[in-house]
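Two complexes come next, and they have one chain in common, subunit A, joined by subunit B in the first and subunit C in the second.
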Partner chain A sequence: MAYENLAFLIPLLPALAFVITFFVGKKTPYGGGLIPIFAIAASFLISLLITIGLLQNPDQVISQSYHWFAIFNLGILIDPLAAVMLTMVTFVSLLIHIYSVGYMSHDPAKPRYFAETSLFTASMLSLILSDNILQLFISWELVGLCSYLLIGFWYQKPSAASAAKKAFLTTRIGDVMFLAGIIVLFADLFKLVNGIIPEGVYLLRFDEIFSFIPEIAAMNATILGFEVSHLTIITLLFFGGAVGKSGQFPLHVWLPDAMEGPTTVSALIHAATMVTAGVYLVARTFPMFIAAPQSLIIVAYVGAFTALFAATMGIVMNDLKRVLAYSTISQLGYMMLGLGMGAVIGAEAVGVSIFHLVSHAFFKALLFLCAGSVIHAVGTHDMRELGGVAKVMPITAATMVAASLALAGFGIPGTSIGSTGFFSKDPIIENAYLFGEHAGNWFPYIFAIVAALLTSLYIFRLLFMTFAGKPRTNYGGHESPASMTVPLSILGILALVFGAIVVEPFNKFVNSTFVNNFVNMDIPALAEVGNYELVHHAGQEPLLILWMPVIVAVIGLLIAFVIYYQKAIDMSRFVSKDNSVYKLLYNRYYQNEIFTQLFAVKFVYEGLAMAGYHIDRFIDGIVNVISYLIIEAGDSFRKVQTGVIQHYSVAVITGVSLLVILIKLVMEVF
Partner chain B sequence: MVDLMLLAPEIIVALTGLIVLMIGIFMGSSSKNVLGYIATAGCLAALAMVIGNFSASALMFSDTLSVDPLSQFFKLVFLVVALIVSIASIKYTEDNKDTEIFYALVLFATFGMMFVASANDLMVLFVAFELASIATYALAGFEKKNPRSVEAAMKYLLMGALSAALLLMGISFVYGATGTTSIPGIAQNMDVLASNAIGLLAIVLLIAGFGFKIALVPFHMWAPDTYQGSPSVVSALLAAGSKKMAFVAAFKVFIVALLAMQADWRMAFAILAVITMTYGNVVALSQKSVKRMLAYSSIAQAGYISMAFVVLTPMALTGGILYTLAHGFMKAGAFIATAVVVYMVIKEKRDTEIPDHIDNFKGLGKKMPITALCLTVFVFALAGIPPTAGYMSKFILFSSTIQSGMVWLAVIAILNSALSLYYYARLVRYMYAMPHEGEKVSEPVPYVAALLISLVGVMAIGLWPEPFVEIAMQAASVLVGGI
Partner chain C sequence: MIPLNWYLALSAIIFSIGLYGFISQKNGIRILMCVELMLNAANINLVAFSSYNDDMSGQVFALFSIALAACEAAIGFAIMMSVYRMRDSINLDELNLLRW
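Entry: the complex of A and B
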């Protein structure tokens, strides 16, 4: 099939669009918007064709590799996991680009915007279809760079510049761990092949890595007196990278600040690119995690905790975009939790988690674009100044309701009626229940169910405060142009019906990721490597458990309705500086303060800064003296070059004589 | 039976030179632009022939010529440089009435260099060496009305004559002691020379003779004056092409013919390599003329490449040979970029006393974005920053040095690379961080084409090194037979 050979174009077209738009964007239509749109549309078509082809033949994945620097390779791997991600990313990115034409129409720096977003998309696509961990890392870093550029897009604003820096540096902590993981992995693999890499073997390609899992798991290191398998170390380091990129606790601090970029960029970061990269990394290397149960449990705990932790902050934020930011962190927590549940259900966890990723991409992109539409029309994103927007912007409001229903996960268990979020989030919560039953550890389940309650509460709070009631301030406003409402409507319909239609085939499709012509993983055997057993998904949970997520969602809706629509309870009593819980939440658990103000931290920090300053001055001094001497030497040597040809001849003859004498001497001595 | 097809590249280059010269005489100066295209086509055709016959191996004309991967590799280097220079010169020689002479000289010089690459006899080598040299003497003084150009040519000629004398004297000592001028023949009859004191003198004289072209300290003193005074396109030919000719000659003479005396000449090269790279980098620090800075950088690079003689392992030779190709792209590109700046200076009627003064590079990123971008890549490549050709070749050369246990040499070389970054980065700072004067200048197409070819070469070797390392290895394998 010919379109398989076009796979390399998927990341290349947006990359080319970046080059063209960057250099001559001003001269192209729509301020450089048209070329990226066409490029990404083409990438989307290719991805879609490949996905359809793959759907018919899920075990015949596309894999092409080329040598690069002797032991590395450049390659493409499109298996079901990569195929759905590619389709989702290109599709969401395409809609966001179309929407941006309207949204960014007043911005003079449009060419730069479109150039950077297409590079962002290109890096993410290349990350997805990498067939080896090194190429994935390189794209990973490019994604990080683009996020820095785009969050700081309005670099004239100091807050944007510092948010960009914060995002870059925070994710860098994760990146360093990821790189360390790759280095340990490479060192282990190199040792396992005894330093001789057979012809035609690409050591860092996923199939090679996976084939060495039992051997790596058998290597042990002693850390602080504990015997730890190398596989656990590597997977935890990889997860460290994912924590940074996917905004998990405690490296989530950059995500809410990332709102400083244009809202479309937030949508791109939160829905399609960037934050999903971490989840994708864990899913991509999932066989390694399966064989390292300790890592898997940590993934589950971090995910569950993040889901709850971020949701608690979501309910007190007054900024439209910040609520959505915390919502993203919380939902990413669910995805990680979903992956962590691989400890009971094996590779099916990937299908469940990635389905939530895809459905989240749709409704989160929609939420952001709705928010963008509101901000574009009324010029503020403080919810206290809004209210009654539904009257002015009916399409936006309707799509927003659809997105909220999806996020809160409304649906009827046991039937195929329900929003997308219902079909994607509930299985994660049910798996957490299974895990509790199986391992006797109920924390993930309790965290997940409480987070579901809070999710419903914060999103309907947002809905009621913004769209219902009467305007609280005098804003103008109008419905957004068609280039913005059309993508909204498409996404709105998807948010409602996508889940019901595709959940079954989707999970089946993605679950074939690890059994095909590229890799053939025996998941239960991997679990044996990790010394535990998998439960086969029974699907026979008590009815109450099936209904539980929906019940809490309804409770959340009711609370929000009573408080924020009917105003039955006067919230101002609670929303005050005297209420310590509110203060704690509103100040985001004082995370910033803890990092900067705490006495001990401050002391250490300032002590270090002081010491660093003096060491710096000392080293500077040495460097300055050396550079002064060298430059002086250069100056005086320069004067040897007199320009007089006689001197040159003398130098040649002297050089010959000295060389003869010198060699003679050295030869005699040694 | 001589397979003339293997000599086709040389024949094409020589014929193109003659054709350009002949038809140029009968042309009005307005239509002479076509000569540049003819020369370019000739270089391309010859290049295609070299690549097509890359793995050929044959001895010709009573074993005085040897076509092998080593000669093919260096012919590739020379033809690539000639191609870049020819394309750039289409603009440089525009409206010049001596265009045909310029191109004929460039092609004859290239012809000479190619013959050096395949010489298997010291006499052929010497004659070809001089053919290339004499053509470049005339090229250096091509701007007859420009005193700097004439001075550059004069110094180059006088020093060249002295060096030729030293070289010839070295050759005659070798001949006297071995009774033959054939390179493999010398290797077989080395016992007399190796045991005689005259052997050491012969080696030092040969090093001095080749060291002149390579620009090893202290035989380098002509180089900064000549590179600065010559037209930039000629400097590109000298630094990127003619320097490599001396390298291939030295590879053949020392590693093949005089291998028995390796203890002596490895010592000599060790001393000279260290002095050369350090001196070149230190003096480059305080230069105000960019071409002069590039000249010193070129001296320093010669020091790095000379490390291949000292380490003398197959890997080091591969690194050294790859470095010649990489340096060809980087240096030719960098000098062409200065040519564009000189063109701008003349066009804006600025002070032309030192047209390549670093002040004229201020704000180049805004004035001439393509040139500035290319030059940035070239100087970073020269400093050895990944992912460029300069990084790849330095990596192979330096790591082979460490592998063979000469950590001290590698440390000196790496410190030198770090030092060199100072003056390269300064140039980049001038281009991007300083305000520009005057309007944006449109960059002439031939210059841009030449720059882009160099850029592609630099990036290709850096990003996809396998094929280039492979052919450099083949070339090195011709030399390592004896080691």
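Entry: the complex of A and C
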């Protein structure tokens, strides 16, 4: 099929659009917006065609590999996992670009904006269809760079500049771990092939890596007295990269601050590009994770904890966008939890988690674009100043309700009625239940279910505070132009019906990722390598468990309704500086302060200053001693050079005489 | 005929006297004179070997050496003259401007 040969165009077209827009963007229509839109639309079409082709024949993945240099290659791998990601990213990015034409219409730096967003999209696409881990890492870094550029898009604002720096530095911690993981992995692979790499074999390609999984798992290293498999080390380092990129605890601190960029950028970061990269990395290397003892469990714990941790902060934020940012962190936690549940249900976990990723992309992009629409019209994102926006902006409000229903996960279990979020989040929670039942460990489940309650609470709090009631300030405002409301409506419909329609085929499709002509992984066998016991997901949980996520979502809605709509409970008692719980949450567990004071100031700044001072003194000392010795030695040795010609002649004559005597003696001996 | 050893002994004695003077004296002119002594001790050697080996090249060499010694003495004494004019002394120990 011909369009398979066009696969390389998927990242290339947005990259070209970046070049064109960057240099001649001012002269093109809509401040350079049109070229990226067409480029990404073309990428979307190609991705869609490839996905449809793959749907018909999931075994025949597209795999093209080109020699790059030495033992590295550049390649394209489009298997079901990559195909759905490509389609989702191009689609969401396309809608965001169309929306941006309206949203950024007043900004003078439009060409730079569109150039950077299309580069962002291009690097994310290149990340998704990498067929080797090195190319993935390069794209990964490009994504990080673009996020830095876009968060700091309004670099004149000091807060934006510092938020960009924070995002870059925080994700850098993860990136370094990822790179370390790649290095360890490569060293192990190199050892396993005894340093002999045949022509045309690229060790860092995923199929090569996966084929060595049992051997790497068998290699052990001793760390702090514990026997640790090399595979565990590598996967945990990879996961460290994902923690940074996907805003998992404790490296999530950059994500709420990333709101300093334009709202569309936030939508792009939170929905399509950037944060999903970490989840994608874990999904892509899933066979490694499942064969590594403990790694998946750690992924699950970190995910579950992040889901709850971020949700608690989401309920007290007053900034529209910040609530959504914590919501994203929380939902990413769910995705990681979903992947971690591979410990109990095997490869199906990838399908479940990626489905949540895609559905989250739809409703989170929608939430951000709605928020952007409100901010665009009203000019503030403090919820306390809003209220009653629904009367002014009916379309925005309607789509926002759809997105909120999807985020909270409303639906009826056992039927195909429900929002997208219901079909994507419930399986994760059910799997957590299964994990609890099977492994006797209920923490992931409890965390997930409490987080679901809080999710519903904070999103409806946002909805009631912003859209319902009477305006609290005189903000004016108007409904947004069509270029903004059309993407909103499309995403709104998707948020409502996407899940119900595609959930079954989607999971089946993505679950076939690891069995095809590219890789052929025996996941249960790998799970035995990693000491995981898999059970078959029978879908026969008690009725209460099936209903539980919906019940807590309704409870959350009711609490929000009572407090923020009817105002039956006076919240001023709780929402005050005197309430320590509120203070703790509002100050985000003081994590920023801890990071700043403890790590940045005490550890890095003062520590480095101290260390630098001592190193300076140490090195200076060495240098000074050497120079002192040389000066002293010169001072004493130059006394030998008396300048008196007789002394020299004595030395010469003594030397010559000794030489003569020596030669004489030597001659006599031989 | 006087044996060769006698010449060599004479040469060694003269050379040693010159050497002793060169090392022990402080007066520039004496030092130059001692250098002349050593050069001429060498010349005696050259001539002696030349005559005993029936080879004229040694004597030619001695002639060169004498010419060279004359040049050296001329330059040396000229330096001593100018040093004396500047410092009112030709004691070499006092000429230590470039010393540490």
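Everything that follows uses one rule, which is that the second predicted complex is superposed on the first by the 600 of 670 C-alpha atoms of A that agree within 3 Å, B and C clash if a C-alpha of one lies under 4 Å from a C-alpha of the other, contacts with A are read in each partner's own complex, and residues count from 1 in each chain.
Here is the rule we go by: a residue touches a chain if its C-beta (ideal position, glycine included) is under 8 Å from a C-beta of that chain, and two chains touch if they have at least 3 such contacts.
All figures in this text were calculated on a predicted structure; none of them were measured in a lab.
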item: Partner chain in contact with A:R617 - subunit B first, subunit C second, else both or neither; value: neither
item: Superposed model, subunit A: greater residue contact from subunit B or subunit C; value: B
item: Touched partner set for A:G655, first subunit B, second subunit C, both or neither; value: first
item: Which of subunit B and subunit C A:I645 touches, first, second, both or neither; value: both
item: Partner chain(s) touched by A:F69 [first = subunit B, second = subunit C, both, neither]; value: first
item: Touching partner for A:F637 - first (subunit B), second (subunit C), both, neither; value: first
item: Contacts of A:I663 with subunit B and subunit C, given as first, second, both or neither; value: first
item: Subunit B/subunit C common contact set on subunit A; value: 638, 641, 643, 645, 649
item: Subunit A residues touching subunit B - in the complex, by the definition given at the top; value: 67-70, 627, 630-631, 633-635, 637-638, 641, 643, 645, 647-649, 651-652, 654-656, 659-660, 662-664, 666-667
item: Subunit A partner contacts - residues on subunit C that touch it in the complex; value: 19, 22-24, 31, 92-93, 96, 98-100
item: Subunit C contact footprint on subunit A (complex, rising order); value: 638-639, 641-646, 649-650, 653
item: Subunit B - residues contacting subunit A, complex; value: 154-155, 158-159, 162-163, 166, 200-201, 204-205, 207-208, 212, 217-219, 221-222, 224-225, 263-264, 267-268, 271-272, 279, 282-287, 419, 422, 464-466
